[in-house]
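Paired with chain B in one complex and with chain C in the other, chain A is shared by the two complexes that follow.
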Partner chain A sequence: METTSYFIRRFLLIVPTFLGITLLVFAVTRVVPGGPIERMLNEALLAGGDRGAAVAGPQGVGGSALSDDQLDQLRAYYGFDKPVLVSYVEWLGKVVVLDLGRSTRYNEPVWETIRDRFPISIFYGLTTLILTYAVCIPLGMAKAMRHHSHFDNVSSGFVFFGYAVPSYVVGIALLTFLASQLEWFPLGGFVSDNYDQLTPWQKVVDVAHHAVLPLMSYMAGSFAVTTFMMKNSLMDNLSADYVRTAIAKGLSFRQAVYRHALRNSLIPIATSFGNNISLILTGSFLIERIFNIDGFGLLGFESLVERDYPVVMGILVISSLLFLVGNILSDICVAIIDPRVKFGQ
Partner chain B sequence: MRLRPQTVKQWRRFRSIRRGYWSLLVIGALLALTLVAELLVNSRAIVVRYEGSYYFPTYADFMPGSQFGLDYDYETNYRELAASFAEQREAAAASGAEPPGNWLILPPVPYNPFETDFRDDSFPPYPPSLSTQHYLGTDVAGRDILARLVYGFRLAMAFAVILLLCNYIVGIAVGCAMGFWGGAFDLIFQRLIEIWSNVPFLYVIMIVASVIVPNFWTLIGIMVVFGWMAMTWYMRTSTYKEKAREYVDAARALGASSPRIVFRHILPNTISIIVTFIPFSVATGVTALTALDYLGFGLPPPTPSWGELLAQGTANLQSPWIVTSVVVAMTLVLLMVAYVGEAIREAFDPKQFTFYE
Partner chain C sequence: MAEPILRVDNLCCGFHTEDGYIRVVDGVSFECEAGKTLGLVGESGCGKTVSALAVMGLLPQPAGVVEEGRILFRGEDLASTSHETMRVVRGQKIGMIFQEPMTALNPVHRVGKQLFEALRLYGSGRDQDEPAVAGGAALGRRNRRGRRLYESRSEKDELTARAVEQLEQVGIPDPVRRLREYPHQLSGGMRQRVMIAMALAGQPDILIADEPTTALDVTVQAQILDLLRELQQARGMTMIFITHDLGVVAEFCDEVLVMYAGRIAERAPVGQLFKMPRHPYTRGLIESLPRMDTPSRTPLNTIEGVVPKLTEMPAGCRFSNRCAYADERCGREVPVLESCAQPGAVGEPRDPKRSGEAQAAEPRDPKRSGEAEAAEPRDLKRSGEGEAAEPRAVRHEVACHHWQRLAA
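Here is the complex of A and B:
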């Protein structure tokens, strides 16, 4: 009962945390020089550059491309004409009714921009998640139960490789050697240019062909961490007294592992399980950037670089909500697996 | 100095794990060598003998070319000086005169990480070549890749170790306190950490980079401010777990104070998790710096950096020696760091794994 009310309180506490995160970043976007208005002006200037304005620097921006009236309208439209707190409350009022504003870069609703990227990120996130857990937990168990065996040492060599080398370096290496030098795989993207003309089966093959290298990069990172965490924690438990007791009272080694040690050794894995929901959706912008995959991560990175603050804030809203719910899910997982843990006492 | 028997035992166990022990030796040797990298990878000669005097330019002030009989006042190009000394010897040998006795010793890699080596007939990047002594080739600016790798390694390792120390001190202290005290303290810090870890880290770097150009210490500062939380979650969970166990109740019943319980009972029992994460943290430090440099938000150019080389390599896939050099170097270094970490973990683990038949 104690635990239930603890988790209810945790869910209620999402609200102030969410406000804290968004207010902090919102305020930061207002403090940084070079906001979206300046970016638009520069673009307008570049567009008109052919007509002989090529020498005008940022100082000369004011009068050349847009009139002061138009500027004020733009500022008012994006809420740059009011104090931070006032425009934050306005922004928040729109977010509550699920209006994330318009992208300054694409000039379309932020939600549509973000929504278009979801399928790609979910595809990569879910595939990686399923492959990782399906392989890592059994592999970690097998390695712990046969510690220092031939199998353990050989597999450690491979897993250590992924453990040591960051996924984006794996990605860059795969791209250079398998895609650029050997030309076995495409150089990036989610599908080929002629995707629309392909038969359904060819489409599946095309997506898979493009997915091999990014998936290998995604896997390289999470794979090793999970496998070693599983192995280490199972080994910790195997040397604990209660497993010795279980063996002493006549259980076989396998029974002792499956009935007693396994559940306890899943605790460290459970501490991070809930955070997978944000990984599924947000992915890694480094890998998406290397392979030029138009996912959630790349969108976030590009909006940051291009100072497309409505999209930045929209992504922040979604990713922080996922992160907050994920943290609570992790703690629920821990509470389910380990009844000794008493949160909130 | 006398070591505690437990420490001696742990050291013995660590040494018995050959892979980790040898990796530690190699990393230690590499780090020691990078301390004197200026003697090994540098455009300045180690020692010059000129007209009866010895010069040691490596750690000295800059020496103008006129000092060695060349016709310019800017810094001596020691590779050209070596060639001119050789010419003098040949001329002396041809005319049968006494050789002038001028000589110099260049480092094995006679380039520094900043100088650009342009040729008249082609544009960089140049492929690896023994004759020009660019053993790993040059980057797109004509700078020696091996030199940039070596100095980049030194910088990245220093960065990772300092970052790790700062992160762990803050993270362990906060995480342990959260798990031990629980209640309001735990909730308040959870809110703070949740807000903190959600502030997009890259974004903060970009903001700082738009106001000031980040240097080594500002980058460490920013990364500690936004990176100490990683350790905190694990410490919090495992402290919660340990606190719920009977031995803590027993210690409390015996009258142990809270600091004693935390430092003598809970921390030693959670240390295996902390040590498990050390290889991960060193790798994180190196890879985070490399990733930032790769994206162009790390240390300002022309700082030698692995990330900047990676960015060049991906932009020039037709020059695969750039990517190959960095990937191989990173793989070797990070693999050895991971082996050391694995061995440390095994050596420090107070519980021995038992086999049951």
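Here is the complex of A and C:
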């Protein structure tokens, strides 16, 4: 009962947190130099330089390439004509009715721009998440139970290697050897060019074929953390008194591990679950860039570079919501696993 | 003397650590008589818990090893027996309760689930009359039933009934509700009672209690000790009681093994030990106890120094660096455990009351000896030992080169 009301309160707390995050970023987009208008001015200046004084002559007031009228129009277009708070409230009013505005770069609704990337990001995000847990938890368990064996040492070597090498280096290396030289895998992209002509089964194979290398580079880094979290946590629990009690009752070692130690050692894994959800869904722009995948990470990076603020804010809305919900999800997971956790007291 | 239920013979065990192998228990031997309580006393790290864990086959793996020695339970060597047999021995032949009831129960499972698990392992739990460990293999097969905790409604009901019975035996009020609770919802004393219920669910012949009251507050300690004593008498159970509390030893044990730095310093019947401690270490321990009649503001007696590190032990007697009586022989030669009890044995003429003591092991506490008698009939049936009828020599051994000099 207490737990339920605690989670209701947690969900309500999303609202002020969300407002805080978005207001902060919204304000930052106003303050940072190099906004869209300055870029526009620079471009106009460069263009003016090309075309000589013919254009610059009558309009060159104060060294600006654009007239005040044009600047005002631009400001109105980008929504910079009003004070920060006023335009923030306007923006927020639209977000509430699921209108994220229009991309200044593509001149199409932000929602559509983001929506196009969604399937790709979700595919990679969820697959990475599932594969990471599906591999790391059993691997960590096996390593914990065979601590200091050859298997443990050799697998530690691989895991640490993957951790030490940045994921984009792993990506480039994989691409160079397995795709470029050996031609086992395609060079990039999400699907082949002839995707539309494939049978459903071939489509699945095609997506999987394209996904192998990016997934490997995604997982290389997150592997070490989760595997070792699992290993250490299980080892802590294997030496816990209650495991000794279980064996003293007459249980075998395996039974003691699976019935007693395992659930306790999942607690730290569950705690980090929420963090992983949001991180993985927002992707990594470097890997997306290397493998030429049109995902969230790349979109976010490009729109930041291009000062496409409506898209930046749109991505922020989605990723911060994911982050907030993910945190609550991991709290729920922890509460399910550990009965000692009593929220709301 | 009849064959003891448990005989530990020259037990040596230790741990592989980063710095190499370290022997923690060095040549410990003892016997437990059926129905009696053997106390293992010594300070932290002296090897008493490790010895007990070795008996249970519970040394932390893979670091802990029994390098040599035999652990004979009803004639079968547990140190060399199969894992299968050990699983039957644990819980059903030898039960164990631990020091920390806070951590000894799994925090994420309900009390009921943990008790059911034990009860399921032990089958019906009421057919324990079959001949001991020889039936190990058969029991093992019977226990390897399905993996789920309970197979049917009726099985769950039966388990619940038995679990409630177990909890009632250890004096837990409202047991039905307790079964549904998690360990953190119980007090320390309650948890230790649950541990005791779980350890006794398999009707073990021997109960090893590893400092069962150390983590509890004093009033609860007394309750738990009373409970253990009641249960022991009701079941004629043998107990190995590990503690560093000499008060508990005096009250609870029949025979005492004083350990120091992995070796036995002295073993004696409890009365004898307190009346005539032979080993300088035992003396030091007893002298450091504050007494009711000590005038106030008297500084507490202590044993000077600390136990040396296991890697820096003196070559001879391990107590030699702290011992007021030590000479160069002590630093060189390891003292062996030798008898110091037989009247007429080498140089023992001192105490005129001695001969009287030789007949009754514990003349000090009339309440205790009464209880010992109450427990006796069952013991007789179990072990066929005629101890009460025929007084036998007090067994008092000490490992010190100078005990005779000290006794004089």
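Quick note on the criterion: the second predicted complex is superposed on the first by the 274 of 345 C-alpha atoms of A that agree within 3 Å, B and C clash if a C-alpha of one lies under 4 Å from a C-alpha of the other, contacts with A are read in each partner's own complex, and residues count from 1 in each chain.
Quick note on the criterion: contacts are C-beta pairs under 8 Å (C-beta built on N, C-alpha and C of every residue); 3 or more make two chains touch, one makes a residue touch a chain.
All figures in this text were calculated on a predicted structure; none of them were measured in a lab.
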Could you tell me if A:Asp338 is touching chain B, chain C, both of them or neither one (first, second, both, neither)?
both
* Asked: Counting only touches as set out at the top, which of chain B and chain C does A:Pro166 meet: first, second, both, neither?
  -> first
Touch test for A:Leu175: chain B only (first), chain C only (second), both, or neither?
first
So, does A:Arg244 touch the first partner chain B, the second partner chain C, both, or neither? both
| With the two structures laid over each other on chain A, which partner does A:Leu24 touch: chain B (first), chain C (second), both, or neither? | first
Report task. Answer with first, second, both or neither: which of chain B and chain C does A:Arg263 touch in the superposed model? Result -> second
Message = Tell me the contact category for A:Val225 with respect to chain B and chain C: first, second, both or neither.
response = first
Counting residues of chain A touched by each of chain B and chain C, the higher count belongs to B
The shared contact residues of chain A with chain B and chain C are 239-240, 244, 247, 253, 338, 340
Given the complex, residues on chain A that touch chain B span 13, 16-17, 20-21, 24-25, 28, 31-34, 147, 156, 160-161, 163-166, 168-169, 172-173, 175-177, 180-181, 225, 228-229, 232, 235-236, 238-240, 244, 247, 253, 256, 267-268, 271, 286, 289-290, 300-301, 304-305, 312, 316, 319-320, 323-324, 327, 334, 338, 340-345
Contacts from chain C onto chain A in the complex sit at residues 56, 58, 60-61, 83, 87-88, 90-92, 95-96, 98, 100, 103-110, 117-118, 121-122, 143, 182, 184, 195, 198-199, 202
The answer for chain B against chain A in the complex is residues 182-183, 187, 190-191, 194-195, 197-200, 202-204, 206-207, 210-211, 233-234, 237, 240-241, 244-245, 272-273, 276, 279-280, 283, 287, 290-291, 294-295, 310, 313-314, 317-318, 320, 323-324, 326-327, 330-331, 334-335, 337-339, 342, 345, 349, 351-357
In the complex, chain A touches chain C at residues 239-242, 244-253, 259-260, 263-264, 337-340
